[in-house]
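The structure's right below; bear with me while I get my questions together.
Order of writing sets the chain letters: A, B and C. Residues in each chain are counted from 1.
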Amino acid sequence: MSTTTAVLDDAARTSTDSKGKAGEIAGFDVTIRVRRYDPEKDTEPHWEDYTVSAYSTDRLLDALHKIKWEIDGSLTFRRSCAHGVCGSDAMRINGRNRLACKALLRDLEPSKPITVEAIKGLPVEKDLVVDMEPFFQSYREIMPFLITSGHEPTKERIQSQHDRERFDDTTKCILCAACTSSCPVFWTDGQYFGPAAIVNAHRFIFDSRDEGSDIRLEVLNDREGVWRCRTTFNCSEACPRGIEVTKAIAEVKQALLTRKL
Amino acid sequence: MTATLPGPVGATSGAGAVPTSPALDSPRSPYVRNKPTRSNYEMYAWLFMRLSGVLLVVLVLGHLLVNLVMGDGINQIDFAFVAGKWASPFWQVWDLAMLWLAMLHGTNGVRTIINDYAERTATRLWLKLGLYTAFTVTVVLGTLVIFTFDPCPVGASADLLPEFCGTTSAATPLG
Amino acid sequence: MQTHSYDVVIVGAGGAGMRAAIEAGQRSRTAVLTKLYPTRSHTGAAQGGMCAALANVEEDNWEWHTFDTVKGGDYLVDQDAAEVMCREAIEAVLDLEKMGLPFNRTPEGRIDQRRFGGHTRNHGEAAVRRSCFAADRTGHMILQTLYQQCVKHEVEFFNEFYVLDLLLTTGEDGVRRTAGVVAYELATGEVHVFNATSVVLATGGAGKVYKTTSNAHTLTGDGMGIAWRRGLPLEDMEFFQFHPTGLAGLGILLSEAARGEGGILRNGEGERFMERYAPTIKDLAPRDIVARSMANEVREGRGAGPNKDYVLLDLTHLEPAHIDAKLPDITEFARTYLGVEPYTEPVPVYPTAHYAMGGVPTNVETEVLADNTTVVPGLFAAGEVACVSVHGSNRLGTNSLLDINVFGRRAGLAAAAYAARAPRPALPEAPEADVVALLEGLRSATGTERVAVIRAELQETMDMNAQVFRTEASLKQAMTDLDALRERYALISVQDKGQRYNTDLLEAVELGFLLELAQVIVAGALERKESRGGHFREDYPDRDDTNHMRHTMAYRSLDAAGRDGIVLDTKPVVTTRYQPMERKY
């Protein structure tokens, strides 16, 4: 399949199935190379190729669905909302962490086989499904909830627009694990809290209403905290929500330094 | 039907219960949270890398400036020039700091790269062994050279030596 | 098989489920069973906001909100329930703020509010700023905040446990009550029985009965389906909301906030056509009206695009900075999926199946009803799976986030209170038998039909025949198609025969629920010979308060041969303050 893309006969497409799609839609064949692993059958993962026909507005998730629904029902992956807000379908696509529902086939060099494998650093359960429990465990350990003291106000807490803006970027996190599983430090050391946990700590550390910063900073000051970050920027590059993850980690480091020194 | 098995999901899907892909997809050290140490060691280590980096920029640029730009530029470099510099404790300390900081900074950097990218345990072990050997040899030799350096070796031709050596024997370096 | 015992079992970890879990978890031994990881639920896709009459930016009160809700639902709303919701809305928003939800702020630092479709001041005078929001990811923030609180309160989650059966037992007193649920653990394929005093259904909607939908792949009406199969009724299922602005061809939601912030709908001729359909509030008319107007423009040949099959959402007159500040996510959707730059080009949009107004009937205490009045002790429901009914025949924008918070909280409290006073019911004989039979039946089936094919045909016929415009003929066609699909469903087989993460099997089970629910939708739509809210019959274009001002109650019947059918009944609408008026905007 490394030769050329086979453009399908446009006449094969009726006007009804182009319903509503903007602009011209060219059809093409694309090979998806999936790293399969069935714990009940395989001892080692292996690669399998599937060729499906697709349109330029199709996302990788559409192609995976096509494989599952038309070729091999046993292909297993998580997905839900299919438009990049639920965070179910983070996977390693052509070597980069992406959400399958946000990766358009036409942007993935469809003339060559598109490789799809499970995100790295978490135990593979089956095909593209990994055990997310270690990831969520790290998340829970940074105490991702508002910590306050004293009496609650009868109405809302007051927060200036500026203070609200301060942590806006890190509130976008959908816990898809694309960042954490793109991090070379996490690949080596499963104890590292990882970018996602730090991002969620950042969201509270820089929330003017929160009073638990000291505890969170102390957690992240430890062996497995922010100091492990080596600013490779893999996480920022992987984030499907466009969060400046590395910057957020740097801001936590800065907060620790200004507090300690 | 008789046994009542309460327990959170962690108990049912924890690592180890389910056999997983053996091909190094999981972290080499699986998730087991260590006890918090409450020490600032990591922070200081991190700070060291940054500060040594900044210092090295000054030291290396200063070194390059003095050696290659000022005076006659590269044409001035000969044994006499080096001997003249190392006769001064100022340059001894300068070069010693440069040596130690560069080696610590560089070795630590390469160590992390090996940890990150060498996937097999044996490979990592050997690479790091080589790295530490190189570190030790370079630092020990370099330190020895800087401190035991004799600017006026006996019997050397006078035109190769710095001026302060005089004509007959090694003089005490400039105070 | 494993057996667990809990005071409260909550099925579903979306907004309603987790809001319930926060309350129940602090009061009783609670387990949350969820098909997905908690933060994957579709609450996170809600964008625009959550309405509450805080009056932070302009005069407002909860009574106006109640009126808008009742009128928006075309008077099929139970007004006592709407009052509860709109009154408790204020507390619900403040609760979320106290939990840490990062609402957008006014210059004074209060919670900011914006306009939203159908929300008006003083009974329809003009649009009012009532929706509390966090950019265009309010649902995301709610879902995250609720999960954070669950972490704080150490709520016990059973992730990727798919609940497939509701256990009901008849006690010595002859009362049919809840005894727990049966769940399938996706990771291992094991069946778990949960013996519980209280069960809260919070499984969300069933949008996947349609092809063009804003709903997640996982919204397959499981909660409605298991209640239905246990003989519990479903209320008002024919009312399905079609959101006006789905990305054309894809169905991905573009929030009403786009219009709240000044976006305008235009037809292929560039005309702002909503001026003709709703002269007062134009593009901010309720969703059913806007969706129908859009579909009508396309039907009458004034659509845009090469096939004239969509209309345009125009944001080009807005400042890019304003768009970035208030609508960052949805503009990104347009760029990513259609390659359209909303700063300079209008975005192709078309109505998309969005929300089931109907569901499992409950009272305002969220107790599930076995008929018009009888409560099923220990069984509660909240959120889209339930029909309280606060949405009537058409839900107002933002009222779903409100619904899950108000009634989720109520369900959690009620479930915990019930569990504290009632004993743990004994499990019925072989509680897992039905689920095991269902799963093994599907796993070992050797038929030739494929799940994906049947599902596609189901969605096709529902889109074609039971969407924005319906007629007797189209609905009968849908019914015929569905009957045929049900028969073919009996002949399916799954390819994946394994135990672990068998999503092939899961999809087959889900399709079973979808098919049965689609039949209930169509049966209700056929019977309702009027047009009201989200249900529009071209052969009966007017609202008929004399014959149809009542809820539809659908019951599952079984004939002698064991074949299931649908029996329809009605339930009166609760009216307190507002008498039905003509619905004009």
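Here is the rule we go by: a residue touches a chain if its C-beta (ideal position, glycine included) is under 8 Å from a C-beta of that chain, and two chains touch if they have at least 3 such contacts.
By chain, with names taken from UniProt: C = Succinate dehydrogenase flavoprotein subunit.
Just so we're clear, the structure is a prediction, and the values are computed from it rather than from any experiment.
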Farthest chain (mean CA position) relative to subunit A: B
Chain nearest the global centroid, as defined over all protein CA atoms shown: A
Comparison of A-B and A-C (more C-beta pairs in contact): A-C
Approximate Å spacing (C-alpha centroids) for the pair subunit B, subunit C: 61
Euclidean distance of C-alpha centroids - subunit A vs subunit C, Å: 26
Where subunit A and subunit B are represented by their mean Cα positions, the distance between them in whole Å: 36
Sites on subunit B at which at least two other chains make contact: 9, 13, 18
Per-residue overlap in subunit C, given as positions that touch at least 2 other chains: 159, 187, 500
Residues of subunit A engaged with two or more neighbouring chains: 39, 125
Parts of subunit A lying in touch with subunit C, wherever the complex brings them together: 15, 18-23, 38-41, 57, 59, 68-70, 72-74, 76-88, 102, 104, 125-127, 129, 132, 136, 139-140, 143-146, 152-153, 155-161, 163-164, 167-168, 171-175, 204, 207, 209-210
Contacting residues of subunit C [partner subunit A, same complex]: 36-37, 39-42, 44-45, 93-94, 97-100, 102-111, 134-135, 137, 140-141, 144, 148-149, 151-152, 159, 187, 216-218, 248-250, 252-253, 305-307, 309-310, 329, 333, 336-340, 348, 350, 450-452, 494-496, 498-504
Parts of subunit B lying in touch with subunit A, wherever the complex brings them together: 9-10, 13-15, 18-23, 25-34, 36-43, 45-47, 112, 115-117
Subunit A - residues contacting subunit B, complex: 37, 39, 43-45, 118, 120-125, 130-131, 133-134, 137-138, 141, 184-191, 218-219, 221-225, 227-228, 230, 253, 256-257, 260
